[in-house]
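Quick one: the structure is below, questions incoming.
As written, the chains take the letters A, B, C and D, and residue 1 is the first residue of each chain.
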Amino acid sequence: MSSQFGHLFRISTWGESHGGGVGVVVDGCPPRLALCEADIQADLDRRRPGQSEIVTPRDEADTCQILSGVFEGQTLGTPIAVNVFNKDARPEAYREMEHAYRPSHADYTYQAKYGIRNWQGGGRSSARETIGRVAAAAIGKKVLASVCPGLEVIAYVRSIQNIQAEIDPLTVQFAQVESNIVRCPDAAVAARMIDHIKAVRSEGDSVGGIVECVVRGVPPGLGEPAFDRLEADLAKGVLSLPATKGFEIGSGFQGTTLRGSEHNDAFFMEQGRVRTRTNRSGGVQGGISNGEAIVFRVAFKPTATIFQTQATVSPAGQDVELKARGRHDACVLPRAVPMVEAMTVLVLTDHLLRQRAQNG
Amino acid sequence: MSSQFGHLFRISTWGESHGGGVGVVVDGCPPRLALCEADIQADLDRRRPGQSEIVTPRDEADTCQILSGVFEGQTLGTPIAVNVFNKDARPEAYREMEHAYRPSHADYTYQAKYGIRNWQGGGRSSARETIGRVAAAAIGKKVLASVCPGLEVIAYVRSIQNIQAEIDPLTVQFAQVESNIVRCPDAAVAARMIDHIKAVRSEGDSVGGIVECVVRGVPPGLGEPAFDRLEADLAKGVLSLPATKGFEIGSGFQGTTLRGSEHNDAFFMEQGRVRTRTNRSGGVQGGISNGEAIVFRVAFKPTATIFQTQATVSPAGQDVELKARGRHDACVLPRAVPMVEAMTVLVLTDHLLRQRAQNG
Amino acid sequence: MSSQFGHLFRISTWGESHGGGVGVVVDGCPPRLALCEADIQADLDRRRPGQSEIVTPRDEADTCQILSGVFEGQTLGTPIAVNVFNKDARPEAYREMEHAYRPSHADYTYQAKYGIRNWQGGGRSSARETIGRVAAAAIGKKVLASVCPGLEVIAYVRSIQNIQAEIDPLTVQFAQVESNIVRCPDAAVAARMIDHIKAVRSEGDSVGGIVECVVRGVPPGLGEPAFDRLEADLAKGVLSLPATKGFEIGSGFQGTTLRGSEHNDAFFMEQGRVRTRTNRSGGVQGGISNGEAIVFRVAFKPTATIFQTQATVSPAGQDVELKARGRHDACVLPRAVPMVEAMTVLVLTDHLLRQRAQNG
Amino acid sequence: MSSQFGHLFRISTWGESHGGGVGVVVDGCPPRLALCEADIQADLDRRRPGQSEIVTPRDEADTCQILSGVFEGQTLGTPIAVNVFNKDARPEAYREMEHAYRPSHADYTYQAKYGIRNWQGGGRSSARETIGRVAAAAIGKKVLASVCPGLEVIAYVRSIQNIQAEIDPLTVQFAQVESNIVRCPDAAVAARMIDHIKAVRSEGDSVGGIVECVVRGVPPGLGEPAFDRLEADLAKGVLSLPATKGFEIGSGFQGTTLRGSEHNDAFFMEQGRVRTRTNRSGGVQGGISNGEAIVFRVAFKPTATIFQTQATVSPAGQDVELKARGRHDACVLPRAVPMVEAMTVLVLTDHLLRQRAQNG
């Protein structure tokens, strides 16, 4: 139950960072969609380690293999299994973690929950677990494209620590995001972010930041009234990513300082379509998409694993010190961008099929 | 599927603001817990309209009735149905809404999704739907008390528009929250908040704010590694409440401006227990509770229904103006406090049973 | 979790035979279907006690009330709550059962599971629980009629103890089933069945029998390949009814005595449609409907509650004797017919929406 | 959704008979259970093709690989992925099936449902899909053994076409079942069954039969009152296996010919335990286990794929003839025995965890 997401487009991820591999089974995918490994690989390459000089140097090609659910280049409607084998696991670099919990990491809580943990890496709490999500979302994009041509999901780095970019969610382009290694579409600010990450890393420290995501071209009507509100499911999706601490949609926390008369989005008609003059709602009203752009932000904390000596405790219950080795991101944001997109695609795909089921 | 929440402690809410009534069915409740209607009523009274001069004057006693699942004062382990009949529905006050979508409300999106809506009130998007959640959570509290005695869930108003209170989540008491009608435990700030809400209301306008919630005494080990992370499920739970725009846990968005060396919570041993010196994690690490206080915040936008003339459109696709009548909260925050507590209790109860299932 | 059925057309039933009432919440119903209480009442009347001289004389009108999800005579797409209040509960007639488990009833197993039971009646194991199912299925029929006009679900009594009728599932009509109180469309055999039930009842004993159900006009493609096969879900649905002991589809157990060359259903083309010459498959192949009539049979054991002295044990662990009082069916079959239909409708409705979600 | 089974011990199977492989992801397994590939392989060997002269000669070692969820020989509590690669797929032997639907097979219904099918083998409808179930059940057995030591699940062949064995479910031993290749514990009857299967196969024909399964040592209290009755879930589980046509528990269809006074199982006390004198209930009353042996039977039809010329139709809608080639079981029963056991184990494991969740 823990490792599944979605009701109709349902994914089951599996794998630890330092086991045989990681992967996903996608159940409920519509049939007759063109799908091949290259479709998935393109997205995996955007999240893989070693892709640039500001991410972890762990050397994984993350080559995926489709084992089922596709026949002669088309989806069958049956479960699609995608595997990625671990190639560059170095468990010996985690030897210290056997005897010391990393502060603000999941080492202690896994031990408290299960009475056992795979200390050779981050286990399921590793960003490596997200490979299955990104692979599944690559398939979800095919579904979205077939039902809602023109729908776009674009995430990008909005801030790194105190360095902030201003980006217009209505016009930002995927190519701008991908034009630099930090995935901030403001090239000037991106350069400063990159320098900052390098400097922080050279000190054995880490930084966090904010990812913003926009969905354009979404039809009105997606989402459910009570619990499975679109924003609630988006929040759950992205906050199930490692290192996340917050989610806000539309006006978000800042919107609490406005009055209703300032905050409300006036409706008007435009070429036969209901539109809003402003978009403080962030594209969702009453839990259901209204056809405007969906815009939300996700807070990522600084990476827990740093290369400085920290006070902590051991599984044996003693106060100890830990200085981590191994290969870790000093800043997870550049790789978090495709992860946020993936969770967004998964939520939208599921709600699209749900909408089709109930409302035809 | 839309109106259910939880896996093992699963609730199904039903009802519109202006139909026969609202209610909930709670499935999976453990047997042999003492339960009577008064247990539920106490919490319903905290969320009911008409409870004070700063909330909507709709006059509903919200008297609940338990129809099943309880025998001789004890839960049977079978579904518990709780009903509340609507008494003071005044559909005529919504006559304007039949022909005009309220800006930033759910009128348009329901119509877009279903091709039909109950325009006599807010339908399922009304805060009235939360009666079922609050009733279910009153039952959930019994489960928590039986398994985790000492666990406390306390929510309170942290800010109203720009008026902010500073409250220590580690020491705040329920009686302080309930000592004033705005439910802000800082009495001096509460008085200013109350005055502000009255002033805003007199102008036919509305305001929002931030609710903070703390859970103390939670055992380590609740939550799941990948998707059903405790913070992800808390976020989903509270963002499924009406008028919410954001969620953050622990350091939240502010935490993105710190470095890892500043942000990490150092572990230490205290009387045989693993503790952390700071709590920027907000009590959850890797999706699993670590035994520290869980602390999170929820942004509520200003109420959409205001008593000023607004530009909008009609279901017939014409630009029109709307000036709402009816009875509405100028500020949802005082009543949102028990709602946030309720969703928190529901998430914790479900994860407690899940933990017991898998880990004994 | 225990009291829910269906994935997309999901129902939650609640209520004990001797509590406040029984009911159901239906989630996921498509919007804009005409629905009123009379639609539901017609089916409830077919399963209610006191309907004829061969069923239990408990006098319940089973009048239903729709409390939500319907507006101006149409479904809203939101949860539909249907309540039936218990009127003629006589808990005193169950006084003996407080101190003695009825043989082959659920008294002991409920106590073993929950450590508590409502001994004033059959609790959730009473046939009274099926009111919610029948009510939900009346709504499901509206969905089926809107998407698959012409689809018919007809159940009938095939045998009572050793009295067997031969009925052609391809031609049997609903009016024939309803033409007598035992619901066997063969009038001559029905008369013998009725006499037999009366004779058995006069001896304080009970009998069982077999209900057969046919679905005509079902489109090909309903059902899922692996676990949620249509026949597996039908079996689960009907075997979740009280007093059931067996399920077989198409050739069933008898089919195990044929060779493949005798058993296989040859395909042929008929007016552009794929048909089969025989129907030993019972309308389902590989878990998916093939467009032929779905035909299955359900075994109902003789009612456990009889009016003869029986050896049993008490909750205190002593060997005791029990002679039941109260009002009970000497034969559940006449009332089981609408229950079997109901579960069939619920399974088909759910699979129809699932099919629409995945395959458009 | 289609390819998942279980609520808390949830499995997701994937794979086609002629794709890259087949496998399963098991979610929700308790931690700290000893598990290695040999534990799983033992059960896979009992279901694999080529194991004896009376099953399909397809030569698959079905060697399994555990890819996640196990660390240093113990389960981690995280998802366990098990893969089996296909080695001896011979798609060319299915060339005829591209242009002709096999009578009573799933070829046509898959095409009708999805508009596409993998004609190179049976796709998901192949018995090969059950590898994932058997592997998952090998893990489930570990859970059962840790919580209910002494619980035994034993299935065996009760009949092949008209050859019937009489076996006492209370005393039958696993070693007896495994002592011959048809898995009928009555050695004399088994010899006749084997001869019959060989004879039928030599004629290019096929036969079916009945598998009986007994569960001994099950604690009282497993199962749920309304929908997820233990017998309903067992029925769903086994009827989701290929080629099944019927399920009956305890007295089954034959029990419909008894009166209540003959059918009821009298309770008595034995060494402080509640027991029944007879077991027509088959170990389940009111959907919940009563501590007696659970006994049920499953009807398997004769294999659809036979080596005789049959009338059928083509995907192009023309009447054609088909004479199958390839390697197929003339009788699925010997290999169905471990499949029935597997589904039984999966149902029991899930209900055991559910019971622990709700009732401690």
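Everything that follows uses one rule, which is that contacts are C-beta pairs under 8 Å (C-beta built on N, C-alpha and C of every residue); 3 or more make two chains touch, one makes a residue touch a chain.
Keep in mind it's a predicted model, so treat the numbers as computed, not measured.
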Worksheet, complete the sentence: Output for shared partners of chain C and chain D reads A, B
Worksheet entry | Of A-D and B-D, pair with higher C-beta contact tally | A-D
Fill in: Centroid spacing, where centroids are CA-atom means, of chain A and chain B in whole angstrom
26
Fill in: Separation of chain B from chain D, taking each centre as the mean of its C-alpha atoms, in whole Å
46
Worksheet, complete the sentence: Between chain A and chain D, the Cα-mean centres are separated in Å by 39
Fill in: Where chain D touches two or more other chains, by residue
1-4, 7-8, 13, 28, 31, 77-78, 113-115, 123-124, 225, 354, 359
Worksheet item: For chain A, which residues are in contact with chain C within the complex?
Response: 7-8, 28-31, 77-78, 225, 353-354, 356-360
Worksheet entry | Contact set on chain C toward chain D in their complex | 1-5, 7, 13, 101, 103-106, 108-110, 112-115, 123-125, 129, 159, 161-162, 200, 205-210, 220-229, 231-233, 235-237, 239-240, 242, 244-253, 255-269, 272, 274, 276-277, 280-282, 284-291, 297, 299-306, 308, 310-313, 317-319, 354-355, 359
Worksheet item: In the complex formed with chain A, which residues of chain D make contact?
Response: 1-4, 7-8, 10, 12-16, 19-23, 25, 27-28, 31-32, 65-71, 74, 76-81, 83, 113-118, 120, 123-124
